[in-house]
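Which chain is which? They are A, B, C, D and E, in the order written, and residues in each are numbered from 1.
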Amino acid sequence: MLEMLLSVLIVVGALFTFIGSLGLARLGDFYTRLHGPTKATTLGVGALLIASVLYFSTRGEGLSLHEILVTLFLFITAPVSAHLLAKAALHLRVRSIAPPPPEAEDPLADTRVRAGD
Amino acid sequence: MLSIAVSIAFALVSGALLLSLFRLLRGPDKPDRILALDTLYINTIALLVLLGIHLSSSLYFEAALLIAMMGFVGTVALCKYLLRGDIIE
Amino acid sequence: MKLRLLPHPILTPVLTLIWLLLVNSLSPGQILLGLILGWAIPVFTLRFWPERVRIHKPLTLMRFLAVVMYDILIANLAVAALILGGPKHVKPAFVRVPLALRTDLGISLLANTISLTPGTVSAWLSPDRSFLVVHGLKVNDPDSLIAEIKRRYETPIKEVFEPC
Amino acid sequence: MLEEPSSMEALIAVIIGVLTACGVYLALRARTFPVVIGLTLLSYAVNLFLFVTGRLTVGQPAVISDQAVGYTDPLPQALVLTAIVISFGMTAFIIMLALKARAELGTDQVDGRLDGGDAPNERGREHG
Amino acid sequence: MNLFFVVLIPFLGAGLAAWVSRFGRLQSAWMAGGVTLVALIALTPSLPAPFLGETLVQRIPWIPALGLDLVLRLDGLGLLFALMVLGMGLLVILYARYYLAERDCMGRFYGYLLLFMGSMLGIVLSENLILLLMFWELTSLSSFLLISYWQHREDARTGARMALAVTGLGGLAMLGGFVLLGEMVGSYDLSVVLANGELIRSDPLYTPMLVLILLGAFTKSAQFPFHFWLPHAMAAPTPVSAYLHSATLVKAGVFLLARLFPVLSGTSQWSILVIGAGLATLLIGAYFALFKHDIKGLLAYSTISHLGLITLLFGIGTPLAAVAGVFHIINHATFKASLFMAAGIIDHECGTRDMRRINGLWRYMPYTGTLAMVAAAAMAGVPLFNGFLSKEMFFGETVTFSANHTWDWLLPAAVVVAGIFAVAYSLRFIHDVFFNGDPIDLPKTPHEPPRWMKVPVEILVAICLLVGILPAFTVAPLLYVAATGVLQTAPPDYDLAIWHGVNAALIMSVIALIGGILIYAGRRPLFNLATKLEGLLDARAVFDGLLKGLLALAGAVTRILDTGSLQRMLLVFILSALTLGTVGFLGGGAPLTGDRDLLPADAVSLLVTIALIIVALWTVVLHRRRLTALIVMGALGLLVSLIFVKFSAPDLALTQLSVEVVTIVLLLLALYFLPQYSPAESSWPRRVRDIGVACLAGGGAAALTWSVLTRPYESIADYFLENSVPGGGGANVVNVILVDFRGFDTLGEISVLALAGLGIYAMLKDLRLPGPTCDARGRPWNWDMHPVIMAALTRLLLPLALLVSAFIFLRGHNLPGGGFIAGLITAIALIMQYLANGVEWTHVRMTSNLHPVIGAGLLIGLLTGLASLVFGYPFLTSAFTHVHWPVIGDFELASAIAFDLGVYLVVVGATLLILVHLGLMHHASHPGEQEPNHA
């Protein structure tokens, strides 16, 4: 039963991790790609970590909860990186499917050059 | 059964690794690459957690924890560079 | 910066708890060590904190966290579907979310929550902090999205961290 | 060398080979920054090499415990651990030299030529 | 053990003499004299032994494994030389105190002098050959210092350099000879060597050994053709010349001949080489001495000639000849020293040494004149003076030696010629200086020197006379023991009387005297001939040629290698490394693949490998877009740390991860001041070439790795694994090795890190670089310096990160972690604050002065090490104990933790120092753009 639960958690976690990266690879522009990883981190890794908690806690060596810390870390950091990336992208006027909000772009910036490399 | 699940998971995570890698190498924009790097870090965490379960050893936890921290710092530094050029000002 | 005996009433127990998580044990020795660290680290880091965090209405906080968890779970599936569906299904858009929050921490928490809950990433904060630009992955009706965000996330955060 | 394409040893050998090759190529570039990156790659290769001289063992960290079946060789690890940190110091020092050169000579070239292509000693005379 | 003091005292005294000179320039003279006296006193207890026919040997074990002990011996020969060195030393010290001018630094002079004295004593008292050689080289060095005492003078510098080069090279040759000698008898102890004469002379390697040792001896005592350095050494202050060229430096060579006389002499090689060199030197020296216009030059060449004489005597190889040699060593020392001093007085009084201008000094300084005359007479070998006795023995020996040879008249004739010239130049020294008309425009009008300046001369001259008139009652006993010391047996009977009746020797002396007077009378025409010859017979040209050639060669090599192009040098380096490796491997002929059974690879590893390869290649492909390359490289570091994890090295993985990030931050900081893109400047052929080289290098590395990994190996790991817990008190062996077993290395490494940090700080202090005001594409930077969201949450993270690093630190001893990693984490956590909130903001909240942190770290590391010393353990042995607290439970207290704390502090300090100050450079370069920095 437990093993069942574990297996499910593991596969689900891995699956979401995969999907996150898939989104990163597949989606059309930077801003949409940005969504993929943010999810992968939350649910994917989250599920895997819960699995690990269960796994190690049930091996008779007492509770093992420190994986939760990793999750905590990710929950705090991932959104920040996402935000910064988006901010940077807007600053660099990275190509976007959705019309970017004008005020978000530096007025001084020269609109002709495409951002990045 | 667990082992099967783990191996499936390994396959999936490795796939994720490759996909992020593709984005990292493909670009096109610097933010894309940074995002890919960040994702790569997170995939690695997943990989490590799996490895921990696979070898049933908790020695890999710190590595995961550290990756979580370091990935963040790296991303922030790179973004700051894109935004301001001078990252410690 | 004066040094109180107990610099941070919330931080200390939190850190002690985290310490116990880290070492995976509840031995009295570790608890003591955790308390020491939980006291010592704030002594050093307190100065780095913008303002002392006060939590009013812990219950609201709890409910809020639960809501967020639930949203993450649900919306993840939606986004997963979107990604698997491929580029053509997405309908991205930038929407402006006017802010009622004022403090750095409040705004940051809101931004994080928005980014955590799938389908939305807080992309840009206006210099005057009057509104937050959010990028949605599949936005059919911007106004409902804004309303959603304000109702589900901003209000509780404001209640918990910035009661005025 | 790859008569055992599926052995870990072969993989490591290839990895170290590739890292060295890339490092060397970059180190032979004409500007400071690529050289620094090349040196970083080289230090990866060297650290890896030193590390694997303890031979490859999977899942047997050198942490004494009762249920451990065996241990890997801890000595190379100890050496490499410090080597990694020191190599950071070295990188920092080199990059600093690069900046110094940039400030004094106004260029980040290390191939002994200015853009004008005049001899290095000429430049030396100008600035020293 | 008193002999050790005899040798040691001058060395210590050297420092003192130099030091006391700050209390007045004469103090150091007194100190030097006192030190010499003390050394003499230290010698007295051993004085009787040689007279009783015993050889004192005193030994302190040093490196027994190399057969190298500190061992000294005192026998007759050693005694004689020790007395000469110390006694003459005293006189010279007294003399120099008046000779040196106000502006000359006395401390330096006497310091060098004592240094030299000590080394000289070391030579003459050494029992061990290697030890002897060390002192030998020391004399070369200290004599260099003495000769170049007047550093402002070009000739002094060149002369000193020449002396050093020649004698130093000789010393090298001698080392070779000594090693051969030591191998022959299986010991470097003189007593053993001296006992095995037969064995040595019959050894196949005897000849090369002899040649090498003789090279050493001949260079030192200025034998032809190496004599040329000596006249140039006359640029030294006259007291130095009096000391070096009468009793000490140049006598070291003949001392060596005497020392090894019983072992080396008696073979035809010995006779040919030594007699040949000696005779040539005798003649050449005597000849040129006559035609030198410089007083000291004359004395220099006469010294050369007398050294030749002594060498010749030892070359003859009969016991009596050896006795004569020793005798002449004594006599020459006395009269030559007094003559040098006299010359010094003349120089001092007249301000010049040119005999063409110095004439008729008799009127001004009759007293000095008298002294000089006596000494000169001794030098010429006039009866009733000591020189006569040894010279007559010398003449006698040459006759008896060549009696039963064909050409038996040749050698005697030659030495008579030498004798003639000796008389002639002695005569010139007297006549040309004290009579022969009036002085010609001397810089100052001469008069008698101060009283005490003459005392040393008087003493020496007195000795000349006493020995000359009453040899049996004065020098005899000393000569006897010295001769015994040389021969290592009782010397044959000899008679020190002045009158032996009319025999060959007497006749030769008479011829010499008369001939000398005649030659001197008719010297004019000979002058120009001499000037022609000198160039031919002087090896100086060769020396200079060699020197020039060497410098030219060095220059050429440098020009070829150092073109100012790093690529060029790297290329040379890599290629040579490759060739060496290949040659070594192919030469070994071992198979590439070993016989160790291998690990099967799994899919994930294969995948990671491929990923890593691609990333590495991509870094190269993209390297011209620098930022992009940097991003890609970040992935590379991550993958490398994955390898560490996979192959059970969690500590390494943690370190690699942290260092990776720190490196990225560092490179970003630097990149801000550098161009964002590298232009494509290397031509295609060049790229192809580089790719070729790179592939070769990579292939080599891969092959090497493969062949290492496929071979089984012996490891000392077991020791660490077994003793980690009981010995080091930690379960994480890697960490225990770092902080305990190899703690000393770690101490060194953190010192290196600290040095790097401080060095960079120093370099940055005055570095100004304009940073770009807009990015590579001309876009202005974003207005938002510290995005709110980032700022707020990173502050939130700080306590968490610190907690983690505390965790990593504390568990490090038993689980992966430790000071290095914890330090990096803390540094990164703090760097985060700089990133998110800026320098000013952060510096308000934490110290910006990191040097104390680094210092504290090093100090703690050192102190813990010393602490274990205090408790009688070796340096940095960790002590640990388990203390039991009620309720709380067991705690382990290990001193290793303290050491790890030191590591932690250094890492934090150095990392922050580097990164933060690199960041601050921007402010320094852009004043006014933001509020002024707090650095």
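Going forward, a residue touches a chain if its C-beta (ideal position, glycine included) is under 8 Å from a C-beta of that chain, and two chains touch if they have at least 3 such contacts.
Nothing here was measured: the structure is a model prediction, and the numbers come from that model.
*Asks:* Trace the shortest sequence of touching chains from subunit B to subunit D and report its length in steps.
*Replies:* So the least number of steps between the two chains is 1.
*Asks:* Going by the contact definition up top, give me the pair of chains with the most C-beta pairs touching.
*Replies:* D-E
*Asks:* If you average the CA atoms of subunit A and of subunit D, how far apart do the two points sit, in angstrom?
*Replies:* Between these chains, centre-to-centre, one finds 31 Å.
*Asks:* Using Cα averages as centroids, what's the distance between subunit A and subunit C in whole Å?
*Replies:* 15
*Asks:* Between subunit A and subunit E, tell me the centre distance in angstrom, where each centre is the average of that chain's C-alpha atoms.
*Replies:* About 64 Å separates the centre of subunit A from that of subunit E.
*Asks:* From the mean C-alpha coordinate of subunit B to that of subunit C, what's the distance rounded to whole Å?
*Replies:* So the centre of subunit B lies 22 Å away from the centre of subunit C.
*Asks:* Where does subunit E touch two or more other chains at once, residue-wise?
*Replies:* 628, 646, 650, 671, 782-784, 787, 789-790, 793-794, 796, 800, 804, 815-816, 918
*Asks:* What residues in subunit C touch two or more of the other chains?
*Replies:* Touching at least two other chains: 18, 22-23, 111-112, 122.
*Asks:* Spell out, as numbers or ranges, the residues of subunit D touching 2 or more other chains.
*Replies:* 59, 61, 63
*Asks:* Give the pairs of chains that touch; include all such pairs.
*Replies:* A-B, A-C, A-E, B-D, B-E, C-E, D-E
*Asks:* In their complex, what parts of subunit C are in touch with subunit A?
*Replies:* Checking each residue of subunit C against subunit A gives 18, 21-25, 72-73, 76, 79-80, 82-84, 86-87, 90, 92-94, 96, 111-116, 118-119, 121-124, 126, 133, 135, 137.
*Asks:* Within their complex, state which residues of subunit E touch subunit A.
*Replies:* Residues of subunit E touching subunit A: 625, 628, 777-780, 782-784, 787, 789-790, 793-794, 796-797, 800, 804.
*Asks:* How about subunit E: which of its residues touch subunit C in the complex?
*Replies:* Counting only subunit E, the residues touching subunit C are 783-784, 787-789, 791-793, 795-796, 798-800, 802-804, 806-807, 810-811, 833, 837, 844-846, 885, 887-891.
*Asks:* Mind pulling up the subunit A residues that touch subunit E in the complex?
*Replies:* My answer: residues 69, 72-73, 76-77, 80, 83-84, 87, 91-92, 106, 108-110, 113, 115, 117.
*Asks:* Using the touch definition up top, name the residues of subunit B that touch subunit D in the complex.
*Replies:* Those in contact with subunit D are residues 55, 57, 59.
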